[in-house]
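After this come two complexes, each holding subunit A, first together with subunit B and then together with subunit C.
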Partner chain A sequence: MVKVFIYPSTSLILSDMVERFGHNPLGAAIAIRERIQTPGFDSPPLQMTPEDPKKGLKYAAVEVPSGVRGRMALFGPMIEEAEAAIIINDSDLAFGCMGCARTNELVKFSIRKRKEIPILELKYPSSEEEGIAFVGAIKEFLEGLSKNTGGMEE
Partner chain B sequence: MANKPYKPDYTGTITKYVFIESPDTTPQTLAIRAYELSEGVMIKETCFGLQITGKPEEVNNIIIQLRNIDPTHIFVKDRAFPPGDPRRCRANLGGARPGYFGHEFEMRLIKYISKGLLESDSKKGYNKDILSKLKKKSTDKLPAEKLQKIIETQEP
Partner chain C sequence: MSEQPVRVAQLSCGPEHSGVQKEIYDAAAMVNAEMFFPDVALSDIQSAYDEFGLEARSADLKLAIARAKALVDGSVDADAVFIATCFRCSEAAIVRNELRHYIHNNSKLPVVSYSFTERTTSGTLLTRMEALTTIARRRALLAREKQVGITLGIDSGSSTTKAIVMKDNEIVGTGWTPTTAVLESAETVVNSALEEAGISMSDIEAIGTTGYGRFLIGQKFNADLIQEELTVNSKGAVYLADKQRGEATVIDIGGMDNKAISVQDGIPGTFTMGGICAGASGRFLEMTAKRLGVDITALGPLAMKGLSKTVPMNSYCIVFGTQSLVNALAEGHTKEDVAAAACRSVAEQVFEQQLQEVDIKEPVIMVGGTSLIEGLVNEMGRLLQTEIVVPHHSQYIGSVGSALLASGFIKDR
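Showing the complex of A and B:
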């Protein structure tokens, strides 16, 4: 089972496909769940403590808005942990409420910088033929990961 | 100002969304089957499917069995918050729940994914030209017309 970082990190389609083909999706829900299930001091609404933007300093400089650093405190460790990644480019849903565009650019940049891991980049399908190619490519990519990891399969 | 202690609910559990977009199966059918399998796991029925909260192995077990009902039309993803959490529940916030718009966008495309999953086992394979089009990175800037459309679709 390989840890696959997904972008957009809230994507239902990617999360489902990674899990369906036997791997472990790393998305926003995993990082946020970890925070909201950890007891400590009340820091509503997402239990992002003042420590988190400090952790984000590893990925973005101090003059960068704390929102970017806070988000990178969630995504940065997952990108480091990832053994593969799937990116959907030009996704409309990543434009608005998912987070700010600069964080998204930094997330994609950080993934592409990890040249040692396999990365698949696609766009959302807009027809049945594209859907077939989209699913086929993701399936091939994820099945290839199982072969490359050899005996790690459960 | 003194910090208030934070005691999380449902520690050690996971919550998963189960979406169904099928011509044959309704969320109600899925919910009834999930209740049959639940054995104490918390299940919340929604208009798009279910939310299941419980210990990881129990939730995963139910999801494996639910997927068998309609494998190409059932989609699952993780959720950070348990159902009814006042920080996310729209009963407390009003309006659509944060994250709903992302789901709404992807649910419009899900029929293409279902078709892709149906065809994924066939020997026909997929069209490589179409795939290369999907892989091509766009270098275009955001067109002014599209920006205008985005602005107009914003809620006041």
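Showing the complex of A and C:
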């Protein structure tokens, strides 16, 4: 089982596909679930506290807006933990943690910097034909992931 | 509280991820307001921001645009609007500003916008939220144009405490002192005002309080009206300047924070509060006067004799401002030029940081203690390219507004 970071991180389709091929998806739902289910936090609606933007300083400097750093407190640890990643570019609207365009740029950049892990980048499909090729490419990528190293199988 | 909560629509990007959403909720709860996110359909979002014409990249900002449109179209009901985005985000700053304009120009909803950091607290947001709910809830009271009976207004500010006694629409007593202990300062000014008016406390028919110490002194004096300074000052300003009807802009550069308020028929529409640093406040001018060895009352006339452009000064931070001040004096610049430069620096910062966030509509009325510093008024007028109105008793603005509005409670006593 390989830990696969998905982008958009809120994509249920990507998350489901990663799971179907026996891997562990790293997406926003997991990070948010941890916060919502952790007792003691009291900053609705995401149970994030002013401490999170401070944790986000590890990924973005203090000059960066607090919302970016707060979001990076969710995504940063998952990007570090990732053994593979799938990035879908030009996807449709995505809100919530995916709302900030500057965070999204930083998230994609942070994944691309992890040159030692396999990364699949695709464009969001705009026709049925593209859709079939899109799913096929993801399937091939996920099937090829090595269970031990996180690298592609020979 | 038996009153219905005021429904405040939140248009935002980032507060939940900055951990300050709870602070927003807490501030709203303190003034019996209820925050809500206007409901819009996914299909409406694309068309809303296409129509709005601002190509924001952030999805949450697109959502905020669609929500603003729903408020303007009337498909969602609200009593007031709170726009909040991250401090330092330039895209959000553009959207925030445009949405504020859009709502202000196309609806009657009071709007306040704020850029937060993770350190924003409910206390910081309270005055803004209180003003929003006051405008929504007390339109009838704010429409009051004449003071009646005998009323007392007390303004417990961060630097000074002021009191005014009014009788039949006339100011008959004044009191002023630097704020030390909040209650003692209030007692001092009330006694002075009563003495000057030649009346006793038992003659007072209603009392209003405002300013930072409003709750404490309000409790002590059993006030009928305890109200934040944004609505009180704008009411006091248009009353004293005799501009109660039509548009006006009120600028109050205070000891701790500044207020810029766009007013329509005496009722604030949009407003901003707070500078980024004490360098943009009366505090910096106080410090300048001290360093120049003159009384604060002499700073204005001194500045009028100087040339502000000859001295480089940037008070974006009070520490850097002080460095500029000390350097300028060490380089041999005259006191007059340094005083003028300090006034220019404060005016520039208020202009750049705050006045960009409200619509400047004439007349521009400057109030508060700093409006007596003519060098500052002069520099502000130059920046805004307009003649600034400084009404009589402008330094007592909060207490005048309180005394005026408190008279609305006389029959209730």
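One rule holds for everything that comes next: the second predicted complex is superposed on the first by the 140 of 154 C-alpha atoms of A that agree within 3 Å, B and C clash if a C-alpha of one lies under 4 Å from a C-alpha of the other, contacts with A are read in each partner's own complex, and residues count from 1 in each chain.
The rule is short, and it goes like this: contacts are C-beta pairs under 8 Å (C-beta built on N, C-alpha and C of every residue); 3 or more make two chains touch, one makes a residue touch a chain.
This one's a predicted model, so the numbers in the text were calculated from it and none came from an experiment.
Colleague: For the overlay on subunit A, clash or fit between subunit B and subunit C?
Modeller: Overlaying the two complexes on subunit A (C-alpha atoms) leaves subunit C and subunit B clashing.
Colleague: Please indicate which partner A:Met48 is in contact with in the superposed arrangement: first for subunit B, second for subunit C, both, or neither.
Modeller: Only subunit C is touched by A:Met48; subunit B is not.
Colleague: Scan A:Val68 for contacts with subunit B and subunit C and give back first, second, both or neither.
Modeller: Touch partner of A:Val68: subunit C, not subunit B.
Colleague: Kindly classify A:Gly76 by the partners it touches after superposition: subunit B alone (first), subunit C alone (second), both, or neither?
Modeller: Once the two structures are laid over each other on A, A:Gly76 reaches no partner at all.
Colleague: For the three-chain arrangement built by superposition, which of subunit B and subunit C touches the greater number of subunit A residues?
Modeller: Answer, by number of touched residues of subunit A: B.
Colleague: Would you check which partner chain A:Ile132 touches, where first means subunit B only, second means subunit C only, and both and neither mean what they say?
Modeller: After superposition on chain A, A:Ile132 lies in contact with subunit B alone.
Colleague: So in the superposed three-chain picture, is A:Pro25 touching just subunit B, just subunit C, both, or none of them (first/second/both/neither)?
Modeller: first
Colleague: In the superposed arrangement, which partner chain does A:Leu93 touch: subunit B (first), subunit C (second), both, or neither?
Modeller: Both partners.
Colleague: Counting contacts the way the document defines them, which residues of subunit A are shared by the two interfaces, the one with subunit B and the one with subunit C?
Modeller: 42-46, 93, 95-98
Colleague: So in the complex, the part of subunit A that touches subunit C is made up of which residues?
Modeller: 42-46, 48-54, 63-71, 74, 93-102
Colleague: Touching residues of subunit C toward subunit A in the complex: what are they?
Modeller: 13-22, 25, 42, 45-46, 56-63, 85-89, 91-92, 116-119
Colleague: Provide the residue numbers of subunit B that touch subunit A in the complex, in ascending order.
Modeller: 3-8, 10-12, 14-15, 17, 19, 67, 75-81, 87, 98-99, 101-103, 105-107, 109-117, 119-120, 125-128, 130-131, 133-138, 150
Colleague: Give every residue of subunit A touching subunit B within the complex, in rising order.
Modeller: 8, 10-13, 15-17, 19-20, 25, 27-33, 36-47, 89-90, 92-93, 95-98, 121-137, 139
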